[in-house]
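Note that subunit A is present in both complexes that follow, paired respectively with subunit B and with subunit C.
After this line comes the complex of A and B, so read on.
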């Protein structure tokens, strides 16, 4: 059976994010945590492969104990097992350290549950936004990486081949690769499912497997946490809002305002550009 | 269908449902708590004031950990005239040790309360709507939800789905509610710095004040409120739906009017509106309480119309009825009997409690409010009372005896004569002491 590993990160809900005006950093207190948006698409794709070909889906996150909630959501959708990689020693990790620990965790998942055929990540996170962790894992595991995937055209489990569409800035690339591969998912890839009732019941009682540094006997402590993170945030600032010319359209009642808006639009070349008659 | 069978399925994680789930789970039953919101409290609305006594019966010392806003040390009642008010109130620091009640926000409180039920062992099933009750041979045997494989079977279903109880209606125990049996309440949360709130209401840290408002509801039966939270004020007004229809006035316009009242305006001035919400309040009272139990089911809280509008108590009635339903479920489980006869113990327990006695006392209030006297009770008399007070306190050389007469005349004329005034008074008295 195929073994798929999905890497997910718990992030603050970006709909509720505020920036501390004094320190220019994200205010994380009191902001609800959610599964990173793109990671749900990665999970959904794994679950679709499971539905079609049969597979074992393992979800892994590196994060604080509170990330358990995010893992339970993945279980409710249909993941088989969830692993929380959590230890104070991992705190303060940048993308280099994060991908190091995740690669170790994926190797350990292979030892526990069999060889991994595919690793699925999100395109990027809503908070860190770098998009580096997925490729970082692929390099460390020395497997092919297919980033920015908007469609899985087919997966041939006999030939161990996958064909995907990568959405790039200048067009779409159709790529074939041999398993094992790492995929990073775009939102266009699919529509994440709603958990079934039995799924929710299982998730409510599920306790994720927790791995700490002790579970990785060969871990190189100089490569984890703050020590293993060469990235330095030297400065953060909030960009000035772009100045745009704003025009307020006023009038007596909604009809008058709507009419004035239409008149105003038709005074420009916009309708013509859009092909309106 | 989920193959698992539960002892109890609770529908609705408001105060009633959560209290029921907490009690039953603590008693060792296998409980599922179903809530349609993203999390409990996500969309729930109340004034609101939370009371100590009834929750303490369930979770001793709960206030040391629950997310509460301010302990109320002063409650005021303002009878509003157009730009004046006759005010009553009581402040007492004894209300702090132990606290009598607090202001609270449902988003935080319901979530916390439900987490206690989860810790007690209740299985949370959120973002899930119960679409119907499963029935076999006239017995309720579970619920159907809007999720895939969404049927859940249970020995007992506790219905706590709030004021507009669709499940209660599906059992045929509620009629479609009448416009004079519900109020529509609108509420705003207004942010102000903590210190500003404390200065304006003369409070120390963590002390709170409530103001109930009568009058200035455009001649409709309704009550306004203004409560202090830590860094926000809750302001709102609930108006009888039948009056709103008759007058074709929108509740938000009533609230805007109240916000412009010079005495209110000063208290909320400079604040930023953070949130709008609206919710129904059951006002039918004692006579609209449905049968409370049947084969395989019990109903509690707002779904059973348990609100004491005169004292703005609802959450405490909900919590107590939920607890009683939970306790009845434990006893029924021990006997292995989930029939209407066994669950009738819940009705009996409610009847023996303050819920029933209080609602009975105010049994006539609904009739009074529905009788078409709204204009008189909520506009003319409050204004007349203000005019009378003005007259009494104005020193203008008119002899006091004469003054007294003038003041009284304001009230009498508003009521339409001595006889009418007496009649109204008696009617009111009876309504409050049924």
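After this line comes the complex of A and C, so read on.
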């Protein structure tokens, strides 16, 4: 049976985050924690493969104990097992340190439940917002990566081949690869299902498996958490809105206004730069 | 248990834990820009990054390098010099025709480890992010995604700033521990240098790092999205919002755009209402653009829209509400009804061109079909 691992992250719903205008700091209170939007699409794709071919779907997250809730949501949708990789030592990880721990966790999941055929990630997170963790994991596990997937055209479990459509700025690319692969999911990939009733019942009782640093005997502790993260946030600030001296153009009727605007534009360097004659 | 241990032992050691080779970071010098291309055509973000790379390299008093990977792409190596590079690495081979992560990343890793740039920049495109994520893990080093500002300080540290929390904040990110310092940067944020054919530089051929038979992924085909607007490269954008009241009014904007040789953009509100396709959307969840002239028509100027277009050289706002925030960033403001103003502007331009053509019949300024 196929073994699929989905990496999900619980994130603050950044659309709800406000800036306190007095202190210029983020107001996080009352901001709901959600399963990262794109990760639900990754999970849905795994569940579809499970429906069609039969598969074991393991969900993994690295995060604080409160991320349990996000994992239970994945169970309610139909994931078989959920793992919370959680330890104070993991805190403050950037994408490099995160991909290391997730790759270790995926290897451990292989030891527990059999070789992994596919890893599924979201396109990017709402908070980290880099899209780097997926490629990072693929690299660590030395498997092929197919990013920004908007469609899985087919999966041949006999030949162990997959064809996907990758979304690019100027078109779509059809790519064939050999399993195992890592794919990162776009929202166009599918529409995540709602939880089923049996799923909800199972989720209510479900306790995710928790792995800490002690569960990874060979872990290099200098490569995790804040210490293992080469990027440092040196400062944050709220951008000043750009200020310009707006010239309001007025006139007697739309024609006069339009004419005045054109005269102004022709008086700038635009005609020269744009080749207006 | 014994079986389990055996499995663990069979595994290759994980990559990306220690830098390969020497870690004398002081020998790392210069800025490297990885040029992105498809079918021999470079993405404009590559030249924009060479422009910014030139500014950083000059500040560091170090060379600006470019890496061109593909098949039949030697002309792009010359272009990279015209756009500011001192030295270009060229990996030109049939199996590199289509981008694929492994063969491309191996070439990048080879060039980075051999020529040791202190900074590596790539476009924050789908391909650029795919490639940068793989390379940074392999090296390993720190990578900042989606930068909108790039600078260096006195200690030669790269200050890569990027929006965070849905553009509500900016954060400056450093990488002190490793070299090179890597960043991807958005299209449309930095300005390319003027193309200068008199510039000279060195082109260094680089061999592919994988044999064709080692490459297991295959690009079956590329389906070009036809009719897709290219907002990032447009010099003139005529954008409309909810104030248009419906899809029909986009016709007025298209007419104006046609006269100016521009393209039509939109606010999210107009896109969400289904008046125009998502590929026209400008702003935080759409394109970041840097045209020379931007018309914001019936757009209120919400911050999520403004972050995507505030770097336009000239902004003209047309809105019936004099208090609309868009006027705060506009060079020219017109308070009025877009249904009257926009056709009047289109007309005024036509008349101006017609007058010009009448005065100079040999060189009509409107394009003619032969």
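Methods note: the second predicted complex is superposed on the first by the 225 of 277 C-alpha atoms of A that agree within 3 Å, B and C clash if a C-alpha of one lies under 4 Å from a C-alpha of the other, contacts with A are read in each partner's own complex, and residues count from 1 in each chain.
The rule we apply is simple: a residue touches a chain if its C-beta (ideal position, glycine included) is under 8 Å from a C-beta of that chain, and two chains touch if they have at least 3 such contacts.
In this text the structure is predicted, and so the values were computed from the model without any measurement.
In the superposition on chain A, contact of A:50 is made with neither subunit B nor subunit C.
After overlaying the two complexes on the shared chain, residue contacts for A:41 are found with neither subunit B nor subunit C.
Counting the residues of subunit A touched by each of subunit B and subunit C gives the higher count for C.
In the superposed model, A:9 lies in contact with neither subunit B nor subunit C.
By the touch criterion defined above, A:72 reaches neither subunit B nor subunit C. Within the superposed three-chain model, A:265 lies in touch with subunit C and out of touch with subunit B [touch as defined at top].
Of all the residues in subunit A, the ones that touch subunit C in their complex are 14-15, 17-19, 26, 94-96, 99-100, 103-104, 107, 110-111, 126-127, 129-136, 138-142, 144-148, 163, 166-178, 218, 220, 223, 229-239, 241-244, 246-250, 254-255, 257-259, 261-262, 264-266, 268, 270, 273-274, 276-277. On the side of subunit A, the complex with subunit B involves touching residues 194-198, 200-201, 204-205.
Residues of subunit B touching subunit A in their complex: 2-4, 32, 123-125, 128, 145, 147-152. Within the complex formed with subunit A, the subunit C residues making contact are 4, 7-8, 11-12, 14-17, 38, 43, 98, 100-102, 125-127, 129-130, 132-134, 136-138, 140-146, 159, 164-166, 168-178, 216-225, 228, 230, 232, 235-236, 260-261, 292-293, 303, 306, 310, 313-317, 327-336, 340-341, 343-345, 347-349, 352-353, 356, 363, 365.
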